[in-house]
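Presented below are the structures under discussion, each in the form of structure tokens.
Heads up, the next two complexes both have chain A, just with different partners, chain B and then chain C.
Coming up: the complex of A and B.
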């Protein structure tokens, strides 16, 4: 099975700064692999069989180390899509760039059986890229997956909804987005690390993808951040129980006040 | 046909939230002189929708068993292309957050995820507020060049719906033919004790609970008081509790009447999932733990001792009554 995994490198700290246009300043922060994408990658490595796993990421040029650490885990090919013009992309512009990149990788889509994504990235937290990518590539999709299997050439997967777990079936090719922790990512092996050092990371720019400036990044994004306000962090006026007995009595009162 | 200032609300199976969104849409439509359309993906009494604020109700038929979000999105997109409303709102449920981006991509327009507040300008421009970077900031987002402008709205953040008894509206039944590529073969409902997002009382444990057995104890208490158990990520990582209990940025967001945080330090990643709770109690042995600042009430001490004492008095009280 040939599988593409969309990986986003996300800042590992939450106190990021933004410039005047409200574009995240990613230069000075450590990047980590988005947790849900780790699950997508592990699922891909388990499912690939005799096929291949290609990782693609759109991000800043310094993603090299992180991508190499993925190659060391058994990824066959890593693609870094990077260009100044991609900065500030919203989910639609991101999905558009990724869709063009996916199309440029194979001669046609039939070369891939599956595209796996994370259910959402911890920085933007939208989860919108996978369905948008699916529509742009004209593929069926399922989000929020916790388990994937194959049965007689069909994908059989479990999807977590608020009210329970759905069992779903669909054919390939398709796009699936996985929940974090559903497949804990394996460690890199020493052999893998040695191999990864020699491997080439494919870099794609806007021009190589044949995208117009107006189609990507901030310019190609339908949505715009107009203002950012610091959230009052939810600090409350805490009352501390004088002693445990008082605390216990108050706790009982509070519970009794909640309507059934 | 040019775009109107009408607002479409796509109703997604949870009538309580759908009606709240309709009421919100109604008050926004008054600002920009538009009409409100309720597009219901499930069978429901259209009267409620009208009284909550809809001017027209579309009951889409034939979708009940459909699990193919892309196919549903195609059906919605063609309705939207015909009618061209200025605004389309979805619930930020798992399904809503799958269908909405597919619709947005089909219409080549923008979508804002998981909004916690919406404001309509007279011009018909929608200001969409959403938390970002772990709720540390609120971003105000607009989609100023394209229509429709679309948003998913976090369930439970809006005020309860207001009903106007005498409102009237038009109801149309629209049969939808779907050629589904994704089929549903089974469904396992979550146990009601697992429905954290609906719980009125949550007792959540952190690393301070120290063991799986400790979480069993929390669960026992939760059952007694009719609540649910939640957990911090560190407690889940430690194997004390299943991931389905995890509350916070990489778990679920909750908003109970009463949240009892036991042995949880109060990392921002956890706070974002629970600080909308009506009332927060922290039980922690460290009086300097950050969670205390985010709580309404705190009891400082060993959790086990506190809860065992409380449990005794609670049972006694029940016996007295």
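Coming up: the complex of A and C.
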């Protein structure tokens, strides 16, 4: 299978900081691969067989190192979409840029069997880019995927719902977005790292993608953030048990109240 | 190719130089390059365009990864992160020191750092709730220790099993080439073997390997279905439950906290409780518990024996400052490193051997 994986570099939660206006500080912060995107990448590496895995990300030129570490894990091609014009993109402008990049990578969309994404990024938490990308590329889309198999030309996948797990079957090409931690990402191999040193990272700019300035970045984003406020800490109505026995007794009462 | 996380740690030094007074290697060699701070500076230069060469690679191996610098760093940064990554870089760039290369070859040929056929041990049952994970150092170099702990388990009436073909835990390979997929695969094989045994508790003899299983395996998605416990805490528990009742021994001893128990697992009291249960008078060394100075490791001894001799000597100096004539250890690695050259007025004893004699 030929698979494209869209990934995002997000600030590590271990050292995340915000300014007084609650705007995330991205400078001097360690960037890591978004956990759900890691799952998408691992699923792609397991599914590719004799095909290929192409990783696309949009971000700063400093993302180069992280992309190279993905080449060392078995990715065949890494694409970095980077341009000052992309700064401040909302989910729509991001999806539009990604869709143009996907189209520019092959002669036509049939060159790819599958596009995998993480279901949401831990910084923005909107979960909007994958479905927007599917609409722009006019492809079928399923979210919240926890398991994917490819069987006789069909994708068989499990989708997590509030009430349980749904099994779905769909044809290719399609876009799926995966739940974080569903496929823990492998580490780089020594051979992979040696190979990755010699591999080129494809860089795409706004001009190379043929996008107008008003179609990308802040200018191309219909979303306007008017204000961000802190969430005041709630007061929980809790009673602290005096000792373990009291805790167990109270817990037993609560369990007894649950209808079977 | 270093991760952003590593780069952040290399740039984090405040130049307070406290690590210089803690590093067991730097303290004994007196060489600037042997301080964690110097290693960070070297890698910082590499990030700025300096060539990562043989000398820099060599410097990265003159470290025991004991975590003493990390434990006491005022900025909370961790040199072991970038040193491990630099070792990966050395492997990628074909710049591994020759002695390190030989050990890696030994591991790939035989599964252990010595390149020998690992001796086989048998438990009291083919299948049991308790699995004793012996580890390569104890199995190959400390048979007395293995015999002692097995004897203690039998005396406590604990049926136990051992793996017929005990796989490597990935501890040593991870320290040699950093945390790469080859290491994770070795860890996964080990976790699978342990899971196949059906044991509910894995008693790990070497604290280095217990640390890998307890802390690294979950990060690498290598799940062990059983509880992983150190041999020291398991044996201390048997004494507490009254399953082992040691006779009182008189004498004054001191104890060396190995780096993994002391800092990674934060396990300080079980050993002291065992010593207390035997009635021995414990004289603490100046640097104990989390602050314990590392004596070296079996891995360091394997690829840089002269350096390991120096680190061991450094720790013996601390022993000499106590009034105790006996040093008690619980790690097979410590026994091998410290036991290689014991000062004439001192002796070194393994805790399990002592306890076995007392029970």
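Annotations for the structure displayed:
The criterion applied here is as follows: the second predicted complex is superposed on the first by the 219 of 260 C-alpha atoms of A that agree within 3 Å, B and C clash if a C-alpha of one lies under 4 Å from a C-alpha of the other, contacts with A are read in each partner's own complex, and residues count from 1 in each chain.
The definition used in the following text is that a residue touches a chain if its C-beta (ideal position, glycine included) is under 8 Å from a C-beta of that chain, and two chains touch if they have at least 3 such contacts.
A quick note: this is a predicted structure, and the numbers were derived from the prediction, not measured.
By the touch criterion defined above, A:142 lies against chain B but remains apart from chain C after alignment on the C-alpha atoms of chain A. Contacts of A:38 after superposition: neither chain B nor chain C is touched. In the superposed pair of complexes, A:113 makes contact with neither chain B nor chain C.
Of the two partner chains placed around the shared chain by superposition, neither chain B nor chain C is touched by A:83. In the superposed model, more residues of chain A are touched by B than by the other of chain B and chain C. Comparing which residues of chain A touch chain B with which touch chain C, the overlap is empty.
Residues of chain A touching chain B in their complex: 14-16, 22, 35-36, 90-92, 95, 122-132, 134-136, 140-144, 156, 159-171, 180-181, 221-231, 233-241, 244-245, 247-252, 254-255, 257-260. Chain contact summary for the complex, chain B toward chain A: residues 67-70, 73, 93-95, 97-102, 104-106, 108-114, 127, 131-146, 181-190, 195, 197, 200-201, 225-226, 236, 243, 249-250, 257-258, 260, 268-269, 271, 275, 279-283, 287, 292-301, 305-306, 309-310, 313-314, 317.
If you check the complex, the residues on chain C that touch chain A are 1-5, 8, 88, 91-92, 177, 179-184, 220-221. Every residue of chain A that touches chain C in the complex is listed here, in rising order: 12, 30-32, 62, 65-66, 68-69, 72-73, 184, 186-190, 192-194, 196-197.
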